[in-house]
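Each of the next two complexes has chain A plus one more chain, namely chain B in the first and chain C in the second.
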Partner chain A sequence: MTNQPLSGMHNIRTKRHVSTGQRFAVGVLSSCLIACGSDQPDKNIPALNQTYPAQPGGTMISAMPSDPSSMIGMVAGESASLAIGAYLFNSVLKYDQNLDLTGELAESWQVADDKKTITFRLKPGLQWADGKPLTSADILFTWQLITDENTHSPYASDYQLVTKAEAPDARTFIVHYSQPFAPALESWASLQVLPKHKLAGQDIRTTSFAQKPLSSHYYQLKEWRHGEYIKLEKNPKSVLGPANIDHLIERIIPDPAAQFLELMADNIDSMNMDPITYARIIPSRPALQARLNQYKELGNSYTYLGFNLKRKPFDDVRIRKAINYAIDKQEIIDGVYLGLGITIASPYKPGTRWSNPQLTPYPFDPTKAKQLLAEAGYQDSDGDGIVERNGKKLSFEVLTNLGNKQREKTAVIIQRRLKEVGIETHIRTLEWASLLTNFIKPGDFDAVVMGWGLGLDPDQYTIWHSSQQKPGQFNFIGYNNPAVDKLLEQGRLEFDPEKRMQIYHDFAKVLYDDSPLVYLSAGYGLTAIHKRIQGIMNPVPPAGVGYDSQKWYVPEPLRRTQIQAE
Partner chain B sequence: MLNYLIRRVLWLIPMLIGISLISFFIMHLAPGDITSSEAAFDPKSSEESRQKLRELYHLDKPIIVQYGLWLERMVHLDFGHSFASHQKPVFWAETDKEGNTTPGMIQEALPITLLMNIVGLLLTLTLAVPLGVIAAKKYGQWPDRSITLFNFIGFSIPGFWLSLLLMYWLGVIHPWFPISGLHSLNYAQLDAWQKCQDLFMHLFLPVVIPAITGLAGVTMFVKNGMLDVLSQDFVTTARAKGLSDRTVTYRHALRNALLPLITLIGLSLPGLIGGSVIAETIFAIPGMGKLFYEAVMMRDFPVVMGILTIGSALTLMGNLLADLAYAWADPRLRRGVMPQR
Partner chain C sequence: MQRILQNPLALTGLCFIGVILLLALLAPLIAPYDPDAIQVKQILVAPSAEHWMGTDGLGRDVWSRMLFGGRVSLLVGLVAVGISTVIGVILGALAGYYRGWVDTAIMRLVDIMLSIPSFFLILAVIAFLSPSITNVMIVIGLTSWMSVTRLVRAEFLSLTQREFVTASTALGAQDWRVIFKHCLPNSLTPVLVSVVLGIASAVLLESGLSFLGLGVQPPQASWGNILTDGKEYIQFAWWLSLYPGLAILITVLGYNLLGEGLRDVFDPRSHTR
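Let's look at the complex of A and B:
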């Protein structure tokens, strides 16, 4: 995941490209809306600020930018499908509000002493929406389905490490691994369990279950107009008890400006915002602002400037550090994200267990940068403002993907700061597939501005381990450090959260000293939700705004009359 | 005539194969495939699974083999399944064992786009013909100038910008029209008349805005045609006969001026199945334009090829019909006396 995913239940952003036309459209609209001044005052504002007791019923309408292709997210491998699937299907485990693991279908789980076997004990009385029991056989079936060669799930690799899975009775599910694998627990928190009695014997690639699923979670699919909207209806037989809101409607509105107009017209209750909407457009419209709650939360992703470590001069740690000191990250956050981001010092979300609190982001220090360049033998001997060593200028190319305006602007700011310490850079923007196929995969680049979106488990083996450098794998910068390799291997073997935490703190420290890439910023996810939706956890828990959304409710006096008539 | 017809229909086959071959190769010239989308760049997915997917879709085979496999399916009119939306057929609906139907992607998008484009074309014509005639009749006077000015303003305004302004004005400030989407959320509960109304309201802005911005070309075409015709001898003759100005303009001049317009409309027929990406994106309408654009961005080859094949087949059919009409009108053509067009 490379965009900026917003955490929480509205975390529905696909990775499709947005045309420059659309981006431009948003810009034009934004400037117009800032200029246009206030809209009509809303008579209901006093009522909106009142808190009502929780009550079932009502409808909530949200916007998402693209239509899921299927309701079986584990097979479709696409974020919109997974996001809708999260309303429909349960997983064995889940993360609680503090991002610690807890049971969802499982009431308890046990890791054997040799750490190679995990036994899950399921809650009693689980059932599907059609009344059929949900048993360990369904979990076993889902595991078989995901790991089946013919399913072609992009997420199969973690599940393929299971050497044997068994369901000795309806409430027990046991998995065996050939060696301890700590991220396994996260994988059992992300597997969306599918009903065996509906899917057995079906061809997973063509089954109509992908369009008409049977669910076990809080909601079930009521109507799906492709490319228009998805209507979810409360599942009265939900294994975790019924949700409050009767209907959830996801309208598919690709253009952010159109989403915002729908929000202004009160046709949708919630949307994800970009920084300009949050920081400029909504504050300039008090009447709109008065009926919205706005949420800001750190996403699990960051933007970075990554070096091709196999190329000179990036094999020299002094050069990497010099570049790190020469870049003003706060300036990028202020300029590109309108201040809606933070600087980071490790590849983990600050404030979580895995983030090492002893590390502070590299400060902006051009003097130190110049000093490091001089130590590495770079001097500006011909007076053209660019430093050289042995007559060779320090000059490189920065690649980023076309259409991601934030990254393009970031690259320009970096270019200017690096020029000030005597480093010449050329920016090149490329369409995503071309960047990936022609440059990243063959390793033919100097530096890139890209992003990583991360899961909740701290394991980052695929990004940093030296064995993951083959074309198409994710350690494309060619990072190779035996100390890091060892820590990553240890982290995969250790189940104890405290010990794991120490391992990943050490890992982040080595990365910090090595500076294989420059962490630029971690952006906030921004969500606006109409005040008629109440019961949202305040303050926002680490798990995000969307945590416990089944407890949200729409008080009767605040419901939309039109939709209510349905 | 029959011989000519058979010859022309048979000639379509190599043409279609040629077009599809070129499209197929050009499409594969673009770097990347379905496994190099931004979504696939997820540290949780493995290169191994991506390689398996490439093998499943034969993307690891030489391009000519891939084309052969595609052609083999097309002979049975099988458009295949989308790579990106794994479980959706590209064109025809499919029914599984339990009798549940999954509609085809083009099958869903095509009627929407056709409806919008046909209504839009009719609207453009109803406005452009009278405007063109007035401009020609009052050539150089204020009606002509104001029509020209209006046309050029419409032509110069970026469609998406006008769309957003009108969405804001007619959707938010005065909520007369829905802002985006194609159906209201309670569409299923409406009766037939209300459904028509609902569709009309949703399609009003997306149809009217491109029609206005596209007006300029057709109006100028009609105006210039009229100007040409009005200066010809037979018009003078008609006037000399003492016919009323109305009869001269509409019965004699306009009919002649419209002939080239019919060619223009004929040429625009294949374009009816292609939607506008920007309009469809802004108004959140799931039409052909968005389908095609997203398929290209995702390197979803079966969908891209499906749309291109249908488009080229329609273009060839249109050409064939036009040629048949000419041949019917002109015996020299079908006897091969004149070089074929």
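Let's look at the complex of A and C:
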């Protein structure tokens, strides 16, 4: 995902506090003046709809919901630092526009016949922004760093499967696995390579490199005002050739409403939107809409209602299915996402190779739900509208994170529908950290409304394998099915795409029949980008609107005139 | 009673509260829709003849939710103040009647409670206990009895010096009889004013807690959580913020006006014939 700074991942947590971006507005004062005029037709403003030839230069300003704590995303493990890191550091491999793997630092790579060894051949003449050569020693160093116990990298597990890594010469990097590991290539597309000559011998948790990184990618860090903005400058020595836009400014604006106000005032060029902004607010402001390009793309994530399978009554598949039938997913998509989402039947993005086309989402069928409840022995014997078995009401608590309005609303719709088939639910919203620490990790919950953001590789071992149930691991719902375990293990060993596809289709089918969670929806990522940013791929490729953003450009006539505050 | 009705402040307050109370009490009869009925095809509809106050983010009728939310707000106000008044009166009576170490202990407790910022105390306790309407009522009640205690104690301090109290003690009346028969009825006037003002602040507290997601839990409506929902859409769905805001304003204003009015009426010094 290195080339997708704008990809539509949902922010799992939305922090709310007042934007500190006001002071910064002085720096782009003139843009305010332009913005004020642009609401009325003005002949002096160049036509936004005209396409200009690509040219280097200019500045693009985006909004980001949170400030990264460090530029070393592989260690910090935050989406914000990985997103900035994607501008600064290269990976060995990358995904092309059709989401097929291609070389980034690597010129070519070879998987040995036993599938246990991968040999990467690097491109010639790679260098860091300071002119020092970028070699396989840097990659080896980064691998050692990430897998080092003292680094505590959240991404270590994939790289720890490498039994031996070697850099026999400056342009060759070889990794050995003890057994075939199909997601290996994907893992080499997400490792952000760090410079050995800057970091060797330093304590990675405290190094000043985290604040003043040395880059090899399209951009380098120019200025970072914590909580305000991050200013990136074009790296002339970029290993993949220079980008078009001179400066990228990422403004830290935690509140989506504040981001939107800045977009209206033309103080930012792009932001990720929620469905309300996309479907209701922007269409109601034609002047704003006229200067924006809006993108809608299916994200690689989904929302679900997950059950604690270790608790009664969720150990009974009939109850899980009954709940699945009782929930109207389309209603949630219409009500919460204003139609900007789709129903899913497998834990993969619909339309991709891994999504099993034979499965159709559980239909909304309350009659069937009631029937299944009755089969499981639940009957409303006391006439209070809630079914019970042996005098015990079918009642449970649904947890979700406070501040995520979409999930809260989803829970309310679920509550209403379940009540109609005689299931009582209580909704409890908790602060994200508290939800994770006090409820998810110890397994102390009945059901949750949460979401999964997924990588491009179909391997979901960490989410579904029965060995991944320790506190803090991802299989917190306690799913335990030997058939699924076996398929997940096979999937990791299989390199042939067709066979792999079959394995994951089978896996999705078992999940479908088991219904360990209710897939609620896959939402669209919604992005607004000012029309002054040109060169965006049209139509949007499978890799997303942010693909090849180094080719974007800001035509001279459309640039903001900048007054530097320095 | 006559004097209350002649006081313009009290009368205005009474009218405000009367209307709100009436609407809340009759909510099931006058609400045109089920307040929890979700209509995803009718999301964020502006106020119209069909939906007087529009609909919210899930297509629920705001007018119906306001009516039912009013019940919650007023219930919380009354119960919480009920709890705080009972505690306050008992502690105040004990302190004022027995004096000595009882008085010192109770008054120091009052001082301690007053020194803690009550909203944050309530926040902390609710977060700990898990939010629910019952917990909100109890916690607000348990953290707002101090002013009543002080009032009742002050009244008792002077009442116990009065002849009729001394007389009944001399006649051999038991303590409880003196407290409940002679002192308490004569000290209730200032308590009444404080109760009315207390309801206003309890309504406000409940709205604040619900606004923060720590009060009434979904799907149940309360003015506070309608406001929270509205915050998200404030750019274009003004009705979700305006109406609950107005309802809270009118209710709190009503109770405050009534309280002030009662104080004027009962205060002999401000009495002009």
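Quick note on the criterion: the second predicted complex is superposed on the first by the 517 of 566 C-alpha atoms of A that agree within 3 Å, B and C clash if a C-alpha of one lies under 4 Å from a C-alpha of the other, contacts with A are read in each partner's own complex, and residues count from 1 in each chain.
As a convention for this text, a residue touches a chain if its C-beta (ideal position, glycine included) is under 8 Å from a C-beta of that chain, and two chains touch if they have at least 3 such contacts.
Here the structure is a predicted model, which means the values were calculated and not measured.
K.L.:
Classify the contacts of A:E489 with the two partner chains as first (chain B alone), second (chain C alone), both, or neither.
P.N.:
So A:E489 meets neither chain B nor chain C here.
K.L.:
See if chain A has more residues touched by chain B or by chain C, and give me that chain.
P.N.:
Partner with more touched residues of chain A: B.
K.L.:
So, A:D316: does it touch chain B (first), chain C (second), both, or neither?
P.N.:
Neither partner.
K.L.:
Which partner does A:A257 contact after superposing on A: first (chain B), second (chain C), both, neither?
P.N.:
both
K.L.:
When the two structures are overlaid on chain A, which partner does A:D380 contact: first (chain B), second (chain C), both, or neither?
P.N.:
In the superposition, A:D380 contacts neither chain B nor chain C.
K.L.:
After superposition on the shared chain, which partner residues are touched by A:V75: those of chain B (first), chain C (second), both, or neither?
P.N.:
In the superposition, A:V75 touches chain B alone.
K.L.:
For A:Q473, is the partner it touches chain B (first), chain C (second), both, or none of the two (neither)?
P.N.:
First partner only, chain B.
K.L.:
Does chain B (first) or chain C (second) touch A:G455, or do both, or does neither?
P.N.:
first
K.L.:
Hey, what residues of chain A end up touching chain B and chain C alike?
P.N.:
257
K.L.:
For the complex, which residues does chain C have touching chain A?
P.N.:
Checking each residue of chain C against chain A gives 36-38, 40-41, 43-44, 57-59, 130-131, 213, 217-219, 229, 232-236.
K.L.:
Spell out the part of chain A that touches chain C in their complex, as residue ranges.
P.N.:
257, 260, 276, 280-281, 284, 331, 334-336, 338, 402-403, 405, 408-409, 411-413, 415-416, 426-429
K.L.:
What residues of chain B sit close enough to touch chain A in their complex?
P.N.:
30-33, 36-53, 56, 81-82, 84-88, 94, 96-98, 100-103, 108-109, 160-161, 164-165, 167-168, 171-173, 175, 178-183, 185-186, 188-189, 277-278, 281-286, 290, 293-294, 297-299
K.L.:
Any idea which chain A residues touch chain B in the complex?
P.N.:
Interface residues on the chain A side: 1-3, 14-17, 19, 21-22, 24-25, 28-29, 32-33, 36, 39, 61, 66-67, 69-70, 72, 75-79, 149, 152-158, 202, 205-208, 210-212, 223, 225-229, 231, 249, 251-255, 257-258, 261-262, 264-265, 267, 401, 432-434, 436-438, 441, 452-455, 460, 462-463, 470-474, 562-563, 565-566.
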